[in-house]
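Common to both upcoming complexes is subunit A, partnered first by subunit B, then by subunit C.
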Partner chain A sequence: MSETTDGLAFGSLALALLGGALRVSTPFLFVSLGECITEKSGRINLGLEGTLVLGAMGGYGVSLLTGSPWLGVLAAGLCGVLMGLLHGGLCSLPKVNDIAVGIALMLFGTGLAFFLGKPLIQPQAPMLPSVELGAWSDDEQIRSALRINVLLPVGLALAGLLHWAFRASRWGLALRLVGDNAAAARALGYPVVPIRIGATAAGGFLAGVGGAFLSLYYPGSWNEGLSSGQGLMAVALVIFARWNPLRCALAALLFGAAGALGPALQSQGITAGYYLFNAAPYVLTLALMAASWTPGQTLAGAPGELSFTQR
Partner chain B sequence: MDALTHTLLAADVQDRGAAVEAYRVTKRFGALTALDEVSLKVEAGSFHCLLGENGAGKSTLVKCLVGYHPPEEGSFLVDGREQAIRSPRDAQRLRIGMVYQHFTLAPGMTVAENLLLARGDLPLRIDWRREKAALAAFLASTPFRLDLNARVADLAAGEKQKLEILKQLYLGQRLLILDEPTSVLTPAEADEVLGLLHGMTRDGRLTVMMITHKFREVSAYGDSVTVLRRGKLAGSGKVGELTTQDMAEMMVGSAVFVATAPRRRAADPERKTGEIRLAVDRLCADNDRGMPAVRELDLVVRAGEIVGIAGVAGNGQKELIEVLLGQRSARGGALRVDGETYGATRAELRRHGVFSLPEEPLRNACVPTMSVAENMGLRDFDIAPFSGGWLSLRFLRRGALTRRAKEWIEAFGVRPPDPSAAIENLSGGNVQRAVLARELSGAVRLLIVANPVFGLDFAATEAIHRRLDQARNDGAAILLVSEDLDELLELSDRILVMSEGRIAHQVLAGYVDVAEIGRHMAGGAGHGTGH
Partner chain C sequence: MNRVMHAVAPLAPFTAAALAAALLFAAFLAAQGFEAPEALGLVVEGAFGSAFAWQNTLARAAPLMLTALCVALPARAGLVIIGGEGALALGALAAAMVPSLTAGWPALPVQLLMALAGFVAGGAWIAASAWLRHVRGINETISSLLLSYIGIALFNFLVEGVLRDPASLNKPSTPPLPEAVLIGLLPGLEVHWGLVWGVLACTAAWFLLRRTVFGFSVGVVGGNPRVALMAGLPVGTLLIAACFLGGGAAGVAGMLEVAAVHGSANASLLAGYGYAGILVSFAARHNPLGIVAGAILVGGIGASGSLLQRRLDLPDAAVLVLQGALFVALLAFETLNRKGVRRV
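And then the complex of A and B:
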């Protein structure tokens, strides 16, 4: 008797975690894929947290003005492109450090979003529609867990596409070359600076789209506490995923599940340590970073031009 | 070689090697004029050698020619027609290719990816199966053997050099420029590579322009030479009409003596050596990838002897040196200097008089962005007379550092003679000299040296060998790791052969059998060396 209830509880916990992973992971996924593109070109953009928040604000505003959430997503992406161009452009000036610029842009992006987003806190903008993957089931719990946003499959497909492109497309190879050895790229006649700026802009676009997901789907409103550092954690996630887009996708799902741990346990009636469990993604970040680092070894797969891999 | 020539012939029947001329080329770096109205002429299908002392401007000249940094004044003529070469793309269009002095491969990518990226006209979507088959076919037509799927970071230096040359052959260049291509190769590998390229020039298919410090290669393969001295044209001529002596004099600008045979006879086996300075006991260490590189290695270096370590690069020499210098931690075993446990701390280095010249000194022994004077002071900037004064707060005395740097620059012939220049802007050979000045000027009791004359011109090579010899005669214990067997034979009192992280063979200088050493280097100790 008690065994079946235990089984039931466990099943619904797993389901809640799965639902959470599918819901929460999308911004992680987009930001980390964006960061992956940028880092493959040899630069780190720590400003994606700011891009994420600015994208959330811009996307929400445009959705409110035009009535189309998809135009909102596009606008969020364009906000990201602008931020990316700013980062890429600044870092191309002599003696400018990409990490410092990233931190500045993180503060700039969030600050700008809060400033421009003041009038957006009250009104309700049209939201992105969801897809019912669980329509076959009568179980409400399953249906709610499998209710996802179109952006998730788009992001997963993008991960596959990037994985292929890094290996077998002209752009992917050129990008990796520039990120691996800039001097060699220059000697072979590849335009290093434009490729890096382009990669940072593309990364910004994806981070912006990730922001639109936050404001237009889940949690689905605009306020100043919208992002809880997803943009920063996504950077760590890229390192953990060893600059591989497929592993980025897996890691994003894992982080999503970790983020859903607190609410899922609460829905099971376990309220003790709610805030502790909410910290799961951050603890996971630290634990994974510590575990994936081996003393005396250089990070396998790290682009050679990244400022922290250079000796 | 024939097969290669044939594929290239089939690819484009019309192609001949390019004729190239430089006319009054001037290149400045800030106040420094690296090239001053230099002109040179390379005939189609010839094997041209470019000579000059360290810092003469050889690399700068060829970098101008391939558009890496375009010159301020002057022009280039290809096949008699003036061409504006403003970027590597322009050079590529004219099918001028260069193998740089420093590797220009992407270490994180595979051999196949590196070859393909060099081609420049990649399709948007790459059909790897077809490309790999084509690359394999190309590779099979050359005498080089490389794994297309290997990551470049995992290749040995010699293999990387082969890949660099393969890359240019793959592009079907008409003019191939090589910047000290053989400095990382064993003599046999060098002969193989240069022989192949020489053959291609004999067919008129290729023009080769090679920068080198080795007169042997010039007389074996060169048709004509151009000599630079301090940024100016010092002379040129046909190889057959110039003696080694003539070329050396053009390089330094005055009469010199060039040793053609090894100066030192083999060391006297009865020579008395002193007490044990360095004892390595069952040392184990891992490489960057966590694989064992040094395996239970034992060795001893005594006062007043040079112990040479021979071996093919990548057999643990690099890791051994890094452990001895404190750059890498050992996984097992013990190090003792003067009988005391040694952990390569600054205090221990000072107490025991341990000095070193690691390979790639710019990376391993310098702070690239700091000045020459500061780099020269890295060993002792924190002790008197270079720091001190008021309340014993140990202020840095820049004046003293600069004064000493000036003396060393003078004594070791570092160019440009400017103590405030950032050391990363010095030519490869001059970085080497600056570091040597720092390491050889103190009271040396134990000296650890790796490839000390890598990329140095003949005069500097002579000078450094003399200094090592002198240090040994003054009672220093010297551990010398070198990929150049001739250098080891010339300097060492004892030669150890290192293979797969162990000492595979040991021989006293008087009893060396080169073939035997070669066999142990190849790892075929005793049985079946089968070539």
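And then the complex of A and C:
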């Protein structure tokens, strides 16, 4: 008797985790794809946490003003482009370190978002629509688990597209060349600095869109506690995924599931370690980094110009 | 003359950056229809314009000096650590636990034990990042911030759980410290003794880094790890020790917030001193003596926040924007430094 109830509880916990993974993974997916583009060009942008928060605020504000959440997504992306251009431009100056600029932009972006977002805390902006993948089922739990947001399929398609582009397209190969060996790229006549700035801006766009998801779908409001490290974890996730967009998508789903652990257990009535379960994604990130990083060796697949993967 | 130029020259890019940040901030405010010149005046007035403003500034500078050391000491070893906020939280929590275990003791040993507890807790947390870096090769910038989030989660879990004082209803806190062990104010000032602790810690850190064999060895590790290995230096131990000392400083900042400001450990401790300390250390170019000045500057920006809020109705995040602009401008002007810059 108790076995069946345990089985039921486990089943609904697994369902809640699946639903959570599908729901929570989107910002990880977009930020990690963006960071993947940037790092392929040989630079790391740690400031995507700030970009994510600024994008969330900008997207929410524009959706509120125009009534269109899609314009909000676009605005969030443009916020990200501006942050990316700032990062890319600053890092192109001699003696300016990309990690330090990333830290500065993390603080700057969050500050800007908190300042400009003050009037947005109360009003309710139009939200992004969802797609009912579970319409076939009568079970409300299954339907709610499979109710996904429109950005998720877009992001998954983008992961596939990037995977193809990095291998087979002209600009993808140029980007990788710049990231692997800047001197060779220069010798072949590729403009290294503009390509890097462009890659950082593109990465910023995607991180901004990830932010729009936070404010326009789930949790679906603007407040100052909206992001707590998703942007930074996505940067770590790219390393775990070895700079491969398809693996980024898989890793994002895994992180989504870890992020959903706290709320899922809470929905099952387990509230004791709420804060601890919420820390699960951070612990998972550390564990995955420890598992994927071998000391004394350059990581397989790491862009050659990426300074921080080498000792 | 040459000596004077040598001492003043590094200040030129800093001054240029501060001016650029002020201009950026003013343009940002003007674009939104705020009175930008008045706002800049209020920042100066709120930070340094009166005895009251100075005391507010110095009270904020005290923890900033300690959290900035959490960046500067590892930076000497070539590590970029940004997890000071978590070390501060855990240091505060460890310190807040001491008085309940030492009931009946005289005040001074209890206070010293609290500082030690905060030091060890914060130090261990940051040392973990160095250890992960050394043993597993994990990037310490990312791991320290992740550990910081984990530390804050642990802090909230314990403060709202087993360590919660049942009497703290609306705001979960640890039991209040006994009156006797609270750290008091400097004579004649509204600034607590933590300021002296901060200045002493920065001086000690400067001495340690610039005048001891340990500091020299740490500098070699930071300058070129391969040379350090060839010279037979214990690289891992040095990395971990530098991070332990830095994290310990942030932990003591947490202890001071408990013993001199809040009287117990609760969520209001987490006011962002750990993050602002990153800016302080970078502004001081990781020089412990420069940190004293940097902490007063950044503390001043923080202190002006309430004046900006009252007079111009600016959001409290205005100080974050100004601090962020300063950080960005500082790094941009790094490019003008003619002397070679450290990797960090």
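To be clear about the criterion, the second predicted complex is superposed on the first by the 308 of 311 C-alpha atoms of A that agree within 3 Å, B and C clash if a C-alpha of one lies under 4 Å from a C-alpha of the other, contacts with A are read in each partner's own complex, and residues count from 1 in each chain.
The rule is short, and it goes like this: a residue touches a chain if its C-beta (ideal position, glycine included) is under 8 Å from a C-beta of that chain, and two chains touch if they have at least 3 such contacts.
Predicted, not measured: the structure shown is a model, and the values here were computed from it.
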{"item": "Contacts of A:168 with subunit B and subunit C, given as first, second, both or neither", "value": "first"}
{"item": "Partner, of subunit C and subunit B, that touches more residues belonging to subunit A", "value": "C"}
{"item": "Which of subunit B and subunit C A:181 touches, first, second, both or neither", "value": "first"}
{"item": "Touched partner set for A:189, first subunit B, second subunit C, both or neither", "value": "first"}
{"item": "Partner chain(s) touched by A:303 [first = subunit B, second = subunit C, both, neither]", "value": "first"}
{"item": "Set of subunit A residues, in rising order, touched by both subunit B and subunit C", "value": "294, 296-297, 311"}
{"item": "Residue numbers on subunit A that touch subunit C, as the complex places them", "value": "46, 86, 90, 93-97, 99-101, 103-105, 107-112, 114-115, 118, 228-229, 232-233, 235-236, 239, 272-276, 278-279, 282-283, 285-286, 289-290, 293-297, 308-309, 311"}
{"item": "Subunit A partner contacts - residues on subunit C that touch it in the complex", "value": "80, 82, 132, 134-139, 141-143, 145-147, 149-150, 153-154, 156-157, 160-161, 225, 275, 278-279, 282, 314-315, 317-321, 323-325, 327-328, 330-332, 334-335, 337, 341, 343-344"}
{"item": "Interfacial residue positions of subunit A with respect to subunit B in the complex", "value": "167-171, 173-174, 176-177, 180-181, 183-190, 294, 296-298, 300-304, 311"}
{"item": "Subunit A-facing residues of subunit B, complex", "value": "66, 68, 87-89, 92, 98, 100, 102-109, 113, 116-118, 120, 122-128, 286, 288-290, 328-329, 363"}
